[in-house]
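Have a look at this one before I ask anything.
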Amino acid sequence: MNTIYIIFLIFLGGAVFTYFAGKIHKVLQDILFLVSILVPAYLFFANVEIGQNVNLTLGGISLSWGINYFSWLFSLIVLGLGSLAAIYAVGFMKGEKRRGYFYFNFILSIMAMTGILLSRDLVSFFVFWEIMTWSSYLITIYNGNKVQSIGIKYFVFSAIGAYAMLMAIVMVHHITGSFLIGDMIHAYPAMALSMQIWIPIMFLMAFGVKAAMMPLHVWAPGAYSNAPMAYTSVFSGALSKMGIYGMTLVLVTMVNHIPQGVWFREVLAWLGGITAVIGTLWAIQQDDAKKLLAYSSVAQLGYIITGIAIGTELAMLAGLFLAVMHALFKGTLFMVVGAIEKQTGTSNFTEVTGLIRKMPWTFLSALLAIIALAGIPPLGGFVGKWMLYESLITSNHYLLVIVIFFASTAAFLYCYKFLFGFFMGQEEKEWAHVKEAPAVMVLPMLIMALFMLVLGTFPGIILNPINHGLQALGYADSYKHLWDTSIILNSWGNKVVLQPILYSIAGIFLFFIAFLTWKGYKNTRFISTKDISSSGEVPKEDENLTFSVGFMQPFYRAVEPAMRRQIDKYYNAFADGLEATFEFLRRIYTGNGQTYAIYVIVFVVVMLLFKDFLF
Amino acid sequence: MIYFILISILLLLMIAASVYSIVQKDLLYAVMATGIISLILSILYFLLQAPDVALTEAAIGVALTTIIFVITIRNTVRMEEEGESKEKFKSAVK
Amino acid sequence: MVGTPVLFIAIPLMAAFLIPLLGMIWKELVRIVPGLVLTYLLILSINLLDHVLAHGPIVEVIAGWGPPIGINLVFSALSGFLVVLMEFLGLLVWAYSYRFKRNVDYEPALKYFLMLMMLITGSVGIVLTGDIFNMFVFIEITSISAYGLTAFYKGRNSAEASFKYVMMGSVASTFLLLAIMIIYAQLGTLNMADIANKIHLMNPTLKIVSYIFFVTALGIEAEIFPLNGWAPDAYAEAPGPVGAAFAGIVVKAAVYAIIRYTYTIFDLSGTFNFLIIIGMITLIIAETAAIRQEKLKRMLAYSSIGQMGLVMVAFGFGTEEGVFAALFLMLNHAIIKSLLFFSGSYLTYNSTDKKISEVNGMSKFLPITSLLFALGAFAIVGLPPFAGFWSKLAVMTAAADSNMILIMALVLIVSVVELVYYLRVVNRVYFYKKEADVKPKRPTVNALIVMITLGAIILLVGFYPDAVTGLLHKASAGLMDKTQYIHNVLSVR
Amino acid sequence: MKKVLVILLLAVLGYYTAVTFFDIGFGQPHFVAGVKPVKDIYLAKTVKPLTVSNAVTSIVVNFRGFDTLGEVTVLFLAVTVLGSVLYKKRHAVGERSVLFNASSIVTAGSKLLFPAIILLGAYVFIHGHLSPGGGFQGGVIIATGFLLMLLAYENYSVSHTALSIVESLAGITFAGVGLLGFMHGGTFLQNFLPAGVLNNLFSGGIIPIIYIAVGFKVAAELTGVIYTVLNEKGESNG
Amino acid sequence: MDSTLFSYLDYAVYGTAVIVMLIGFYGAMVKKSLLKIVIGLSVIDSGLNLLIVAIGYYKGGTAPIFSQGFLENFKSVSKMTDPVPQALVLTAIVIGFGVTAVALALVIRLYRHHGTLNIDEIKNLKW
């Protein structure tokens, strides 16, 4: 039996057994859970050969599973992040009631993502896509009835996207007579123009939903912030990348072949840019870390979309590199928030402060992740953003550069807020008992932080596979020319050894931090927020005087008018209007049998009157 | 000729009886009218050379259907109520 | 061969006449015997289907008179498939309703099982018969059993629902008889194959009028939009298992009748487009009505109507692919909607109103039932890897191949609506707090077995659609081949 | 408003229905040219192999006997449904509604008439294959006899058990004869008895047997219907 | 004379049958009393049955019974009225009776439950 079958069997069987193992023993459940994630992950990387397909026929439809370099790259994200998040989840879910439910869906969604990457035909792609959707949906609503509407919003958007994709799939099938992706790509250049335009649009709708692209992003903040954090790291880190994966495929394999493709790219790039700005602005205003990170995810996905939409070699490298980085740092950050939430019971900045000494390891990983997020050297985020700017400039998208630059600069604000809100500031008595998260939770965070550090220094580790992946998609081997195309680096000479420069910057930076910490430590007086005797006014017990309250108030005032018009509201109004229409429509069923009989006569009479027209 | 007149009268009577059965407010009379319809029908069936059907209609339509209608009326109400009740308005508002 | 199609009618009738006598011997027999009969018929139908798939359709004549004269029964791949489905569901409904309510007296129990058996027999008769007037008789048998089953419970509004059903049913039978008589007056025959053979001779206007009357009459049973006022009431007020039987058996028979008329008997142009139009309207209206329902069973009823609309649409493509999709959809709908009705009945077991809010938090008390309900909900909206997905894919593929892009878009948009209201219920089952005054009732063992069986089938079809697709392909090919049908029937002496 | 709408709709419906049937034509051959209607075959075969005088009977019982089986089932079901719909835990016998207080003349007359009606009914269904009438008609006539008794005598009661036994046995006879034909001749309801001579009482093979069974069944069922409805004393009848 | 009258009858029988049906429909769809509705339904049935029997009729035909007299005098079945519609009507009448009985039983149930026969007040199930 092929390894691919074995992987799916382990996933499926693992999911079922894990679900029921909870009835026997909790530890057994945890072990089974880890086994059913880690073993397939190991098998995948150890045994699945790239470029080898297995074919099977199901219900008269020939399916094909296999992997190429490009999907292998994404499987790194999915299975790597998935494994780490699984380890983290064991700690995070300790003591929760519905662990079986959570584990079941967790495994299924990892399986579905792996399946998406393995799919070489549209039907299994769609099947796994939908499994991914509903399993992640089920986890999103894990937290009870308050999140019901959020979950449904997520599912409805996903369903709209997925159904658009389904339409595209069957239209492709109508044209090519086959569901294989290879056949679709092969037949695409010869299709009618309308099909050539509509099929990518429909696919992009599906992928845009998952990638939280601008008009379709409204589900993302709620869903990301309300799922259990152990899953959100996968949700935001890996699941959204499925959208990116699909988008890349569509852009490269279809849009590239038509002259109108330029417009696709422009629109997508701008949508990505706008997404980034909106996400960032919203993120800044959040008081809840989960919400903040959720919006920030939306913003980051915007960069990535912009990158792959531009579509030059450098931009693709940048986008995909950012995708990997985003998986790492956003995964870490959500884990951090999860750890804090687990230890303190809340994830609100205005309540939790001064955790730096209580949870040092968590802080360390948060710090590294934030640095990566903000794009400060020497971590990987910098490399990605650098490449993104450069690709934008080299492809003459100057306006877009400004937009992206604005978004990424504004991102500093929330980065700062996040770091400061949780870890700095006064130490409240309330949080005196807080301890560092258990090792199973800290370890994955640290591992990821380490990866970010490594990638920042040696981006080639991941740029090389990306390059391979792009070659698999038909791009030229761009990696070795990377520094040739880079203007700024070029002006410094072709062979610049970047690492020493970055390290010296980082070294100086760290030195200053250490110095300041050491210097300040002696003079620090630890007081409560209530202890502001110096100002002469004694605050009441219930007043929240944490400095995070009203953080960046002037900024809010500045952007407030722009923020008032939320896309979300339009969607809600639309949905309300729709339901009102439905409510009106169903009054056709008046409950009076005579009315129904009259309907029958009306039906007959209408048919009789229009009989020449109908038949 | 007689055949023709007979049929015409029967047909007219049938229409009249059916109108009566629908219009009449006293349900008992309305039911009797349906019985009459059946009776006329059964004669018509005879005239249309369908004795089997005539027999059946006479037995079922005239006797049985009418009697179970009558029994039902005995068990419910005899007079048809007016449609315009206050309840109607209330239920419409609801 | 172990039996012939007529046994599907004769044996249950015999049993129905026998059961009152048997009940005098031992009261439990009235509950057991229908089960035995249905089991035997299920085995018989599977055997016959096996035979038919290997050797071609069986045409059985009754009373020794060959097709244009006597009545005949046709057991083809299509009708065989439906018969197997109906007998299987009938058996499940029987098993489920065995001791569904504990405190039912002997006499109502006797009548319930009699009516249930006749409901199934009537539906099977509709599918098997090759004679239009005989079909009328079977439709009446089915309807009268359905009236009785709808009004089975006292103290609810069941009589009201049943009365509406009776009204509509009477109107339906009026139109059906009119249509039959128009055909007879023109062609002098009542045999379907014979009519199909001669229909081109008929006066076109009369042909159209009779088709319209047929569609109206059968549309009432098949829950086409303006004609389906009775349906939600009847589904909601009938006992839970009967709702499943309506959705899984009765409607299927009526849809089969419409399809038989459209595909085989009449040769009108435009009927396919007509099916698409009414199917689409039905789908949209029903699904939008479902989203605002407060009662669980009503919601399921509207959903069922909507699905039937989709089936109509799929039949309306007029291609073999479309027929295949429609049959697949019928199969899935029968299985899944039955599961939903079965599990939904236990979720709202002790409530009088069957409000959706009363299922809140039931997952803690009825874990397996809730799980199966959720499975059913996921399957019916067409989420992979459950059974509903394959039929949705088939419908979409067929639509794309017929270039019905607008239809595809509409169907998919409506699917989103469907998704929303099913998810709302599932969320309630799992994530809401139970209402204080609701007392959950544990399902009986046989009910549990029935529900798990259905759940297993959903998973089986979901993971291995090949289990049914071969049969469905044969059935759809059989429906498309009109001349072969006529030849098969008329060549029998 | 509603009335006007309904009248308009019905006018259209009526117009089309009437025109359709006018097209068909009344009292003249209306079959499409080139079609050999089955009724000719029926009429021809009624005399020859079946030796039944009444063509309607031959159609109802033999050619389309399956319909009749279904029809009997419909009645059977109607009784069942009626019993189910009007079911209530029986308190006592004799609580049934009384339509009128019968005078002694009526009661005495009924007693006299009753055997005559039963006899008539029996005659009608036994001679179903020879003359107009048959199982249904005879059964209904017998049921009216019981109806008469039920109306005339306040506490006349029909044994429910007996009714249901008669009904079941008659039904089993019908279906059983059909199955016998199935075993004997290969098809359900096959006529396997010797045909006899036309217009004799013993002619037509299984047709009289079936019609007698139908007669008993219909009689029992209709009596059951009347009895069930009569026993339904209106509780809220103020 | 006779022939013109008969041609009038061509329309009269069908016309009456259809009119009776329509009157029944009107009663079933407009009248508020449940009993009136059932009456309307049975009136529809009456009209329908007449219509069906009329289809089988042939002018100057005899009843489809092979009595001794018929066999001696005519010898041709073409002079017989069509027995098929008659057979069908037999079935239809019996079925109609069954349905009417069920409907009336339901009326009794509804009256017990609601205390009225007005259909406008029996609308607990709607939307």
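Just so it is clear, A, B, C, D and E label the chains in written order, and each chain counts residues from 1 on its own.
Here, contacts are C-beta pairs under 8 Å (C-beta built on N, C-alpha and C of every residue); 3 or more make two chains touch, one makes a residue touch a chain.
The structure presented is a predicted model; accordingly, all values stated were derived computationally and were not measured.
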Between chain B and chain C, the fewest steps along chains that touch one another: 2
Chains touching both chain C and chain D, listed by label: A, E
Innermost chain, where centres are averages of C-alpha coordinates: C
Farthest-lying chain, centroid of Cα atoms versus that of chain D: A
Most remote chain, CA-based centroid, reference being chain B: A
Euclidean distance of C-alpha centroids - chain A vs chain D, Å: 73
Computed distance of Cα centres, chain C from chain A, in Å: 44
Whole-Å gap between the CA centroids of chain B and chain D: 20
Chain C-chain E separation of Cα centroids, rounded to whole Å: 30
Per-residue multi-chain contacts in chain E, two or more chains: 6, 9, 13, 19, 21, 25-26, 28-30, 37, 51, 54-55, 57, 63-65, 84, 86, 88, 90-91, 94-95, 97-99, 101-102, 104, 106-109, 111, 120, 123-125, 127
Contacts with 2+ other chains: residues of chain C: 133, 137, 140, 144, 147-148, 151, 154, 159, 162-164, 167, 171, 178, 185, 190, 205, 209, 232-233, 289, 292
Two or more partner chains touched - positions in chain D: 2, 6, 10, 13, 16-17, 21, 24, 30, 37-39, 42, 54, 56, 64, 67, 70-71, 74, 77-78, 81, 85, 132, 136, 225, 229, 232, 234
In contact (per the touch rule at the top): chain pairs: A-C, A-D, A-E, B-D, B-E, C-D, C-E, D-E
Contact footprint of chain C on chain E as seen in their complex: 21, 28, 34, 37, 41, 44-45, 48, 51-52, 55, 84-85, 88, 91-92, 95-96, 98-99, 102-103, 106-107, 109-110, 113, 122-125, 127
Touching residues (chain side chain E, partner chain D) in the complex: 6, 9-11, 13-15, 17-19, 21-22, 25-26, 29-30, 51, 54-55, 57-59, 63-68, 71, 77-78, 80, 82-84, 86-88, 90-91, 94-95, 97-99, 101-102, 104-106, 108-109, 111-112, 115
Footprint of chain C on chain D - complex, ascending: 16-17, 20-21, 23-24, 30-39, 41-42, 45, 62-67, 69-71, 73-74, 76-78, 80-81, 83-85, 87-89, 161, 164-165, 167-172, 175-176, 178-179, 181-182, 185-191
Residues of chain D touching chain E in the complex: 2-3, 6-7, 10-11, 13-14, 17-18, 21-22, 24-30, 37-40, 42-44, 46-47, 52-56, 58-60, 64, 67-68, 70-71, 74-75, 77-78, 81-82, 85-86, 131-132, 136, 198-199, 218, 225, 228-229, 232, 234-236
Residues on chain D engaged by chain B in the complex (per definition of touch): 54, 56-57, 97, 99, 124, 132-134, 136-137, 140-141, 143-144, 147, 151, 222, 225-226, 229-230, 232-234, 237
